[in-house]
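Note sheet for the following structure.
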């Protein structure tokens, strides 16, 4: 029923074809909303986005299996050094930030509704250095809370994930004395593992004395902790997340049109929430198949537009790009063919 | 050890089909009784009701009573397992357990009640039962081999050995010799003769010579036509049945004497 | 007449037989070919893993064998636990349906159990996370409190119940219908002759089952269990969703540290894997293949050792 | 001819030691009552929060097994006691198996019904749907096509191979097939998916290949061994006597197999085929890899991505949007749909089996 | 339609076990030949080699030749299926097809071979074969019911009807009457008598009266002991075998005349 083209629409778009993308599962819900929006406006187009994981998405794109990739991490230098099968030989691909989402620290502890936490304590909880909820460090941050003397069950992602990479990146930078592991897709310490964001949410919801981290849009009814930024305790908000991204510099030593961001995790500005995840759309500078290039360009332009970002905010609870970043992305896209 | 069997006005049904009607009969201890009659007249059906083996067939049921030494088999609270321990049975088709060795087949029934049997006891009992069934010489070297490797006749004798090994009070045999050669048959008949001193024996046979040779009394069953119930026509001393039966049908049947 | 016989007895080749037997032969060989293709695929893709750079392995491991060891352990551990739970219950159910339940009920009951086979593994995953794990967690706490001195029940207890024991329960439920269905059909085929033989010896119903039904069905039970074991060894999504994994060999059943299974590990890490990482994962798949091979060799050996006594014929 | 006894003796030796009729039922109820009382006391004493129904039933049943065994042993002797114990255990096994079944079905129905009952659920795809709404038509079509094709591939191959094993195969090849079929059951589903993907990526030189038929091939790899194994067991159960009877009538072997052996074992074979379908219809991992993911309709098994129900369920659960309840509802409704489909197939198969199966006199 | 059978120096093996050794025998067309001998002497084994039915048993094989009207059954390129259409067989144990109705069982030889025939032809043939097997009256009202619901004797007669429905040249019967009552046995014996005018008939029997009643010639097989091969001891006119055998073993066996 919903497959038929709308009958009495405004002048139909001339775009036709099928566009295939794959990559980060974090942005799947947003992608579905974008796809719906784009397909409604361009009834001749079918877009498939496969949430197969950032690494898998990048690999498929590089080998020419898909037209664009979604990725929680920007391309590595080795990846950039190689060939891109979908692109005109010799040309490269670029990272375009299109998706910003705060990562929430979620918890489920009997009798505790609010929790303040700082990076060091968070790092100690997840590395297993702090094992009970009434540990002095937590009590000191939450003098008013009635913390039970129960074991902390800290849940991490059991699958390799961009969320984990951003979480460990945050801990590694903001709590560098405590968290000595480098940022990685794989969670480096023991503890309770769960598959996918929804797995972590379910584990925290169904267990007792739980804490975990998850894409904020999925936190649902769970309580979320406030992070200490500077002197204040900051709850996640889309705006605070967008703010920290806006305040972050581009990664050095990359092509000028590659908008990979070096997130400022150590911010002390209480208006910013530094535990965020940025996902990139990865597209060719110049597509070997010009028709596909046109489709990709139109689609990613839509995604990065104010309209697209609003759709994503409504559908997936992500933080919209700041106007400045939006403009930067649009400028790069203008050169894509 | 032997028991008296008394059957009062027994009807046997398969679901709604009345297969055997109104049988009343008294079988004295330490006798051999032969059931004869044309195929389909309900001999197998009836003999199975004497140890409640018909209950294995879905839908089969009886009306009436069967008393073994005065105890009603179909009385309330009677345990068919106890009944069958006292009333053993040998079937028309040899049915040794294919998963057991020859020796285990012989001891199968015994092991149920007597789990811990010494090796020598077990061997003795095996030999005794197999000798009784005239099979010992043929299998004594391969007691540990599967019973299913034997020829049909050997298998049937194995089944007889298995039945007599548990030393029941009554032994029912449903055409036990129909798959046996004359020598084995002779052995079994001798065996029946011997066992008579201890057991009550009921045997179904198509072989009227056999009936006249082994049995003390003979019961003739007949059937009026297809779909009609089988009935006990005449029951008397074997000599009387074969020489001077009182019912015409019996005379007709046994005078086609042959086999 | 002789001449007629001469022409009729010396038959032309019988095309039906030739075609049919060749078709079966081709089908059989095709299976071997597919399996060989899968094996070659795994082998070729695995080779780089054996010589991979130590840095390519996640965690503390530095070579393939120390990486795959705990996974092999976890795979077998979970599958064996599942089998231990499932096989007796499956035999019980099959017997219930074939020999205990009233005949008219039995068919419907069989259908009910077959329903379990219809449940997709994702749903088992969801059910494991959402229903089973929270349900058993308090029992686990009690077990650890009371029997913690017994190594497999040692603490600290998992706060969510998402342990290898829970996974084993889920796997057991998953393989139950497979084993049950086959056992049921086999038990129903026990020759009435043999059942009657046992009953006539004065066996109780259970003794009859011990004497006639179970021995007759034994090879079938083993085959069915192997089928179930195969499923348990290879189950991917349900394990990935339910298990809280770690990277060591862990005997404890009730903690949040559990040895992962090979299939689940592939599912968890494949999406983000690249380069040699992919080869490493596929090499673990090859190891699972080898494990299955060995397990089946053992099972075959058991069946064959009792061949002369099998119920066939 | 007969003498009727005046009265049957007062004691019937054949009844010696028997628990009264229905005693097992009373003992069961009593056990549950005791168990309930125990758990109620625990509950009232405040040691546990909530009355534990599962615990009551489990503990009560264990108590019953012990009680019936002990009582029967005292009254009826050890053999009868063992029989009663095993009867209790076998019945308990059945009930135990029903618990997860009921729990899963209940969970699925309760969670799945809201979305299942929406009017669009069976008439539309997820195309252009954001948040609540939409349907699973695309996934139903995909599942039916992919699984149907897998069945079309696997059943002939599997059945023929099992016929080879039982009727023709002797010697090494047969032994090899028997053995490797078992090994094949151990191929993890995700490896089957990766294999199919690698195969078709190579064949079509397309590193991003996704299409429904590839999914069918992956599922066939998982399905064939189940078909072979179960059919083989069923064919073996056909008595040799029947084959001999047909041969002796001058029936060629292939017709004997086709017209005597297969019809005699058809019920079991159909059960096995259903099992194999059930085995693969719920597979997620391989289809994610080779059949892909789309929210639009696709009727072409040989081109482009094709949605299937398990992938639908999984992605709806794994990648929820802001309105997460809508996604979870759809996931459960998808699962319910899948179960209903298998149930219907199962019912059909049973009817077929019933029509063709041997009309045994027993 | 009848055929002459000539067997030259036939050995039959089960894998390495020599079950029957050096049998040479000539069976004339339009005769009934009876095989007698103690259980396990290889009668069943030998009779199966006359239509290559032994090939169904894994490991069973023959050395030597069997000529049917001069055509070697074991010659190169001989199709066992055609052999079996000309040489029919009835087994010791009744084995009706459980999936088929009584009528379909009778017509199995034709239907299984995909032969088409009109309804009336089929009905006529069914009636003829069932009458021939003396079963028509008992089953004529339930031709569409499954064959497995019949009693043992009825089942065996159904199998005989099935075998004669395909009108073979030679009919082999392995103890066809061992599960039959005298009336059915008599009917079968009459049938054999009738069929003799058209067919060559070979029958294995334990029943020496039966052998002497129905057969023109009798072959006596014997076995020296367990594990030894069975051998053809004597083959002669039935009257000679039973009245004046030339071998002592035959005399011993038939003089224990009974059964």
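Note that the chains are named A, B, C, D and E in the order they appear, and that numbering of residues resets to 1 at the start of each chain.
Everything that follows uses one rule, which is that contacts are C-beta pairs under 8 Å (C-beta built on N, C-alpha and C of every residue); 3 or more make two chains touch, one makes a residue touch a chain.
What you see is a predicted model, and the numbers here were worked out from it, not measured in a lab.
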Joint neighbours of chain E and chain C, given as chain labels: B, D
Top chain pair, ranked by how many C-beta pairs fall in contact: C-D
Separation of chain B from chain D, taking each centre as the mean of its C-alpha atoms, in whole Å: 44
Centre-of-Cα separation between chain D and chain A, whole angstrom: 40
For chain D paired with chain E, centre-to-centre distance based on mean C-alpha positions, whole Å: 47
Inter-chain centre distance, chain A versus chain E - centres from mean C-alpha coordinates, in Å: 83
Residue list for chain B, restricted to those that touch at least two other chains: 58, 81-82, 86, 93, 112
Contacts with two or more other chains, residues of chain D listed in rising order: 79-80, 240, 252-253, 255, 317, 362
Sites on chain A at which at least two other chains make contact: 25, 52, 196
Residues on chain B engaged by chain D in the complex (per definition of touch): 6-8, 24-26, 57-58, 65, 67-73, 75-79, 81-83, 86, 112-113, 235
Touching residues (chain side chain B, partner chain C) in the complex: 51, 53, 56, 58, 81-82, 84-86, 88-89, 91, 93, 95-101, 108-109, 112, 145-146, 148-149, 159, 162-163, 166, 168
Chain A residues within the chain C interface of the complex: 25, 52-56, 58-59, 151, 153, 155, 158-162, 184-186, 188, 190-196, 199, 202-203, 206-210
Contact set on chain D toward chain A in their complex: 120, 123-131, 134-135, 206-210, 288-289, 292-297, 304-305, 315, 317-324, 327
Residues of chain C defined as touching chain B within the complex: 103, 191-204, 207, 211-212, 215-216, 218, 306, 308-313
